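Letters are used for the chains, namely A, B, C and D, taken in the order the chains are written, and counting of residues starts over at 1 for each.
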């Protein structure tokens, strides 16, 4: 299996570090090449790191509730930056307050995120999906070429 | 930047102050003399320090929630309802303001107006400015504290104290290490010396502002001695600037004995160090935070975590308890969820108000262990500082003498590893550079070994991960499945 | 009726049995040999005594709810959902059946069918009969206990035990004094000797049925020694008839030390007396009932009472905890409310499963006091009985040597008055005829005096009333407002 | 003020004795002549006691949930027995389960009870109402005579 590169980080002014450290370990153990930007990462930093490392996916965390403000526009900026086929995942406590998840999901799907995860996301499941999503995008890309 | 440990000189302060007030438009409104006048006219029932002191003298346990929304009127509505259920009011500040990103906070305010619901995770007090703060203070009947997580809180302090808030949480270490990534410790400590000097200035004018170092740090497997060392250092730094009313904090960990030993040793150690440094004129109280790590998603389960926090707060004799809510795992609580957390907590703290955990061999040992640990760490800090507490703290973090688990800061070593023992107390698995006495380290190792035996696996990072998830998955010790 | 304390003779038993089975139509279905066959074929996981024994050996704390509705299918549905959240299943019997008013129970069943909801406060097992009981037993996967409050439970026991239930709550005292008004004690004790003899008979056929005297009595300000004395007497009466698996119960009172001392002393005293009477072949476990008095109406507050009960059960080392629900103050819980109580309890008992309350002077004293009290009472009972435990018990109630507060029974003196002391422990204000040793009575008086001083009022009946309402009004000690 | 006589008791197979003992004390202290029948009282016993003592009111408790079955028909039996103007109160946990109180209230009003009380009934308030209700019925009675 080819090693996939993923960029990890907590977006915006968010300082929640615990989940991020666990995700880093988990995906590294699962065989990914993990570029972890840690907490308080701007959209630009995510994009720069993805370009620099030729990443297959960006996995964004937002725990602190201001995710809606921080996550808007990233898909557009990725495309502008030439990251046309990058997988975009986002997870955590994405909005302010305890809200119905399907509404949150729709909101972030509309922003261009491929998959949206709750805090209790099963990481094994996520790994499977991530491999699938990367591979299917890759084959799209290869077909194009 | 070189940080020194001494009372900031008033001319220097005034010069710096001018610059601080210029960092956002609302700063220009602040007039110290007028702020003091406003504070003088507040009723005694809104004076945080006084309410804390009375509670302590009468053996009461006060309840305080967390709460803050983007817009002023909404915030007032929220606090006005909450104050029927709590003893002390908060104003939690949003995360942009905490990073001095006032422009982003402004966008958050605008989006909140548009969407009809708060898009910020707190109240952007700097953007709203002085008059808005005063409207809040005047609308409620209980003492108000600013609760945040701001490495540079100088402008926030100027505005909220002139605005009539009577307590201010945080400190140069506790509001940096868990809350920032790249802010040098000397910078945040210096900025907090400013805040403490400001509070000291109010104090000189006979306005007591309560100061509360943030106890729980990252809320994640923090051994009591680490947070105690930080709390006492921040207490000393505050006293240095003329602060008088201090509430030292601690985040509940879940093991009854360790938690009670922690609150008990925190008081005793603080007195010991404050007096050793020549301070006598201070008002010391303690606060316990209900479990600060990951919560179970089910509200039924969350209620039990909340109740256990309330029980331990009562049994340990803390003066204040910061409450959680059944929404904790999911999102910022609605007003209703906050009230639910308060009602549940009130029931248990009332039921246990006259009870305490009696002395026992186990409790004495645990208390003594924490004391030995804190003394070892603080002695090393003072050695490193050579008379300069602030510099000692900075060097201690550089050297890993103080090491906070799961901190996002690059100025924290992050080498020490802690896990739960077989009864759920937090122990040090790898001390790294933390100068724990050998006998104490051995004590930790033995306790961890007991768990390892019980679980039939060697202590390892997976144990740490299991412990992080444990409470959210309905237990305390992260046993293998 | 003269009640004697000896194993009922089998011919006498068979004669009585015939009469019992004729008291309601469903009795004719019962064949003891066939019942034993049915029990023999049950899987081990449904054997109550075994699950209790294993839990005790492994230091586990098992959760059991209360539940029972009028109709069989509904009852199966209820238990099938609950068993995902609990370790032991109940079947709570309705109040008409408890009074042997099967005709009224029948009306309740019919009305329940008509109205589409249960009109009875439990499952009318006698009316539904043997096959219905077996359908219930076969539909679930966990051990099932009959929980009721029946002075004459002979027919109920015949039907449910032949039906495959593996545990049976109650006793000649504990299911009379709190549950009946005019049933003479000698009658209920004699009827329960029958039940125990029946269980003993199963035991002789190597079918162990767990027996659980009802600990909490009226649930209202019962000092531990009173319920302990009753529990031990009923234990002895059961052992006399050949019962082997015994779970002695206690209703949480709210003061941590007293509650832990109670569970501890209950175990130790039971062993002491059982062995003194020559029994060695018994399996003894304990059960703590979460607070059995009036609950707060608000569910938020109820959750904290529930959590505190779970905490004390864990810290005291009980083997089973009977749970309450957030609906307690209002009405029989829905299945959802019952699950909520179980989830909340599971969270706290899991978090505390490895913790215990360490030994302390306070805990030793409290344990010792309870032991002295129980010994004084039981010695007096045995004196009165002159070798006949049953007669001793009857005479003890006649004389007020055992006196249960707030009992509805005319065979209970109701002269002893108990109230909470200044830390919420239950103390004896007026001992009336209860033979408490002088030193112990003085201990109670001193404790009560501390409260009186703190409240600036003399101990009085109003204090008792205030204590009865206290927990439902959000506190433990009924302080004056 | 004339001393009113009230009959108190817990109806049916209900053994809950605590509230009953408190009510007895409370109403006695409030100046009523209290005839307390205790727990497990049948409808006939209530009626007999009321006739015998020439009572002004019957206060029924039901805590255990089967109140609906136990309380039906009492008003009719009172009238049959000549207790035409007796005040009938009922209180406690009247039905099975946590139900909306207004529905419970309607149900028991339809059964002929004058007032229906929740477990947290304010007894001071109850006393006031009870005096009023007795007095107004008395005056009806006196007017008739």
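Here are a few things to note about the model shown:
Rule of thumb we're sticking to: contacts are C-beta pairs under 8 Å (C-beta built on N, C-alpha and C of every residue); 3 or more make two chains touch, one makes a residue touch a chain.
Just so we're clear, the structure is a prediction, and the values are computed from it rather than from any experiment.
The chains that touch both chain A and chain D are none; no such chain exists. Under the contact definition, chain A and chain B share no contacting chain. As a whole-number value, the distance joining the C-alpha centres of chain C and chain D reads 31 Å. For the pair chain B and chain D, the distance between C-alpha centroids works out to 56 Å.
Measuring from the averaged C-alpha position of chain B to that of chain C gives a distance of 45 Å.
Multi-chain contact residues of chain A (touching two or more other chains) are absent.
Counting only residues that touch two or more partner chains, chain C has none. This structure has the following touching chain pairs: A-B, B-C, C-D. For chain C in complex with chain D, the touching residues are 94-96, 98-99, 101, 104, 107-108, 111, 117-121, 149, 178-182, 218, 220, 294, 297, 327, 329-334, 337, 406-408, 461, 465, 468. Interface residues of chain A facing chain B in the complex, by the touch rule stated above, are 12-18, 20-22, 25, 38-40, 64-66, 68-69, 93, 95-99, 119-120.
On chain B, the positions that touch chain C within their shared complex are 254-257, 296, 298, 300-301, 303-308, 310-311, 315, 339-341, 343-348, 350-355, 357-363, 422-424, 471, 474-477.
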